[in-house]
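Notes for the one structure printed next.
Chain naming follows the written order as A, B and C, and within any one chain the residues start at number 1.
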Amino acid sequence: MTGMPTLFSILVEPGFFTSQPVLIAAAIGAAAAIVSGVVGVFTVIRGQSFAGHSLADVSSAGGSAAFLFGINPLLGFLGMGALAATSMEMVRADHASERDLATGVVTGAGLGVAALFLYLDTTSSTTGAAVTIMFGSIFAIPASIVPLALVVGISALLAIGLLYRPLLLSSIDPDLAAVAGVPVRLMGLLHLIVVAMAVALSAITVGAILSTGLLIGPAAIALHLAKRPGLAILLAAAIGIATTWGGILVAYDSYEWTGGHGWPVSFCIVALIFLAYVIVAQPGLPYWRPLPRLSSTRTKRTE
Amino acid sequence: MTLSAVLARGEVLAVRQASVSLSGRSILENINFTLEAGELCGLIGANGSGKTTLLRTILGFLAPNVGDVSIEGGGHASVGYVPQKFMLDPFMPMRARDLVALGLDGNRWGVPFPSKERRRKVDEMLEALEATPFADQRIGSLSGGQQQRILIAHAMIRRPRLLLLDEPLANLDMRSVAGIVALLRRVSREFQTAVLLSAHDMNPLLSVMDRIVYLAHGRAVTGSTDAVVRTEVLSQLYGYHIDVVRVHGRVIVVAAEAEDDARVAVAHDPVHVAQVP
Amino acid sequence: MFDDFMVNTWIAATLVAGVAGVVGFFVVIRGTSFAAHALPLSAFPGAAAANLLGINPLIGLLAFSGLGVAGISQLARRGPRDVATALSLVMLLGLGALFLSRTTEYFQAVYALLFGEVLGVGSADLGPIVALSAVSVALIAVLFRPLLLNSVSSELGQARGVSARAMEAMFLAVVALATAMALPVVGALLVFSLMVGPASAARTLTDQPPTAMLLSAALSVATVWMSIALSFASDWPIGFFVGGLSALAYIGGRTWTRVKRSRH
């Protein structure tokens, strides 16, 4: 793994809180966690975890395209993500299962394109690229993307702030939203674009796996705990930060008990998120359910 | 469900002193009624009165905390069920006749072998329910009324002793409602099946009901329509003064708010809700 | 393209595609696209684990896809189904990251597992593929009626004594089996495309369930044949063609439906 040598050098000096790579990782991780958590609350409410995960997979195609065309990888991720998001929303779907099917088809096509780009990119080793894109490394972020990453992250949060009420209403009840004059389908598209932004940001910083985990996990946990969406959003961001920092700490400490190998950070964070969800989501407790119906396109039928 | 030996002769369904609680809340209290073969019974009550809970208890999805439910023949073979919500995927590759065929053997393992006997039974059932014209259409493209017929066919093809329908008239236009009501009357007589259907408006059923189970606040009054739908009976059931008004052959159930001293129409006939000073 | 050494490839790909089409029919009508995508992806760390332990990778694949099914089923009782699928998936992938950190010689195999190495099928591999194909198809045949009823309406099934929970668990198990078998051949990311694209077209072309299932298998096999041929001709990865053809199949099916509707 590309990040491994850096982790080793951390280990050499004890002192978690004074180690610079750890602090940078904590800062970047927290940023990814905040953006993912806030956006993720809407994703979970809308029952679009599949789309969130798919966008991470498909924007990796953009990542490989970026290597190929020599542009900023984050731009590649964003472009591909936006393209995929638009394709998913273009398909008219009345039920969540049809929407998921469309998501899946776009994912398959997008991954096919990723395979093609990986093949065409002869500058870096194909296999290494595949692993890096999939698993990523919180410590291997090129400095060049930091300014753009900040812009993307802040834009995503601003977008959520701007769209808050219409997006929330159309996510919870498309019929009510339509009656109130909210463009439901447009909201759907905008939501996916913002997810693409959040996912591009976190995929490039913490990897595709964590990107999905940070998008869905803290938000789902928060929605089990909080009934009010505003509170859920704050909680999701907080839980995201907590699990990220906790995971970094566990990964750091793991050197002690694994004889120098250490556990990868992505594993530690994901394990914490999973554990937290299992604890919070008790069977029998009521929880919020995504609507199976997406839009009020059906009128009452007559014989 | 207890042994069918407990049923009296001719009885298909007996609900005795059944009380059902969900998550600590009491939904149904001391429900008592019986149904005989060939009878059509309306389970009438406002939304939230416990109709669906009662149906699910009779089906065996829920167990009563107190009391019991007995069905002739006991078990899945003797009960047909038409559920309320039926979200159909418009792309589902299945024709109406396929769904009816699944009513025959949908619970058996394996792939159905096309047999003349199976086809004949399905055709017969479709014919009986006047569903042959749209038998080869995709189920996702059926209208509300057509869908109901197919679901009834699916439930009836095994000649159950008892047919349960959860709000079958809820989303239909008036013409379709009349059609389904007439159909259910015919089905109950022709196949000697006891039919129990829930509804929040009893008016379409007035002319065909042999019996009514009127549900309010988890308690029920049962008997013939004339005996049950009366001012004194319903007032006692609700616990406050109820007026039963008959206008142009329709029944309106009106409640009085003692505090406000105003009369507010309880929505038992949604079209006719009125504010009476 | 039809040389001796390619025979194994054609046989393996045909079997894998056929099973994917059969299973995919149910995946599409049940709307379990996410699980069908997540299970192969969850399975792939199992191969890494098996490699670490020095045992047959197929066992690792089966074990991990089994874990995936268990994770989804268990978590789906406590929360929304898509959240359950997403979190089980990332947990198992996280474990994959853990195993990979142990060894750096595995990168080549990772690529193969993700995108498939259909050209690397040896005669020895065919045996398990044939066996697992037969088992998968047999299971679907046995489950056909109750699963179909449950797929149309779990309430109707319940009223007939068909347990919704049992059907869901058994179906996911068959998906896990089919994907574990297909993974080494076409890769974790592609087996899903073979499942949903052809099936989504088949359901619009016919309205009878058994026909739709067989048509779905046929279209899936056709997809994979065309992809192998195109890949051979252009040297481009097979995944590109599978993904693209599946998308075309889906779009074709939707368009066909619209054309039919506008005719009436």
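Following the convention adopted for this analysis, a residue touches a chain if its C-beta (ideal position, glycine included) is under 8 Å from a C-beta of that chain, and two chains touch if they have at least 3 such contacts.
Only a predicted model underlies this, so the values are computations on that prediction, with no experimental measurement involved.
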item	value
Chain contact graph, described as a line, ring, star, complete graph or other shape	complete
Innermost chain, where centres are averages of C-alpha coordinates	C
Pair of chains with maximal C-beta contact number	A-C
Chain A and chain C, separation of their C-alpha mean positions in angstrom	24
CA centroid of chain B to CA centroid of chain C, Å	42
Whole-Å gap between the CA centroids of chain A and chain B	47
Where chain A touches two or more other chains at once, by residue number	95, 97-98
Multi-partner residues of chain C (at least 2 other chains)	31, 200
Residues of chain B whose C-beta touches two or more other chains	89, 91
Touching residues (chain side chain C, partner chain A) in the complex	28, 30-34, 36-38, 75, 77-80, 82-83, 85-87, 89-91, 93-98, 100-102, 104, 107-108, 110-111, 114-115, 189-190, 192-193, 196-197, 200, 236-237, 239-244, 246-247, 250, 254
Parts of chain A lying in touch with chain B, wherever the complex brings them together	94-95, 97-98, 292-293, 300-303
Chain B to chain A touching residues, read off their complex	87, 89-91, 143-147, 171-173, 175-176, 179
Contacting residues of chain C [partner chain B, same complex]	29, 31, 141-146, 148-149, 152-153, 155-162, 200, 202-204, 206-212, 253, 257
Contacting residues of chain A [partner chain C, same complex]	1, 4, 44, 47-50, 52-54, 57, 91, 95-98, 100-113, 115-116, 118-119, 126-128, 130-131, 134-135, 207, 209-210, 212-213, 216-217, 220, 224, 261-264, 266-267, 269-271, 273-274, 277-278, 281-283, 285, 287-290
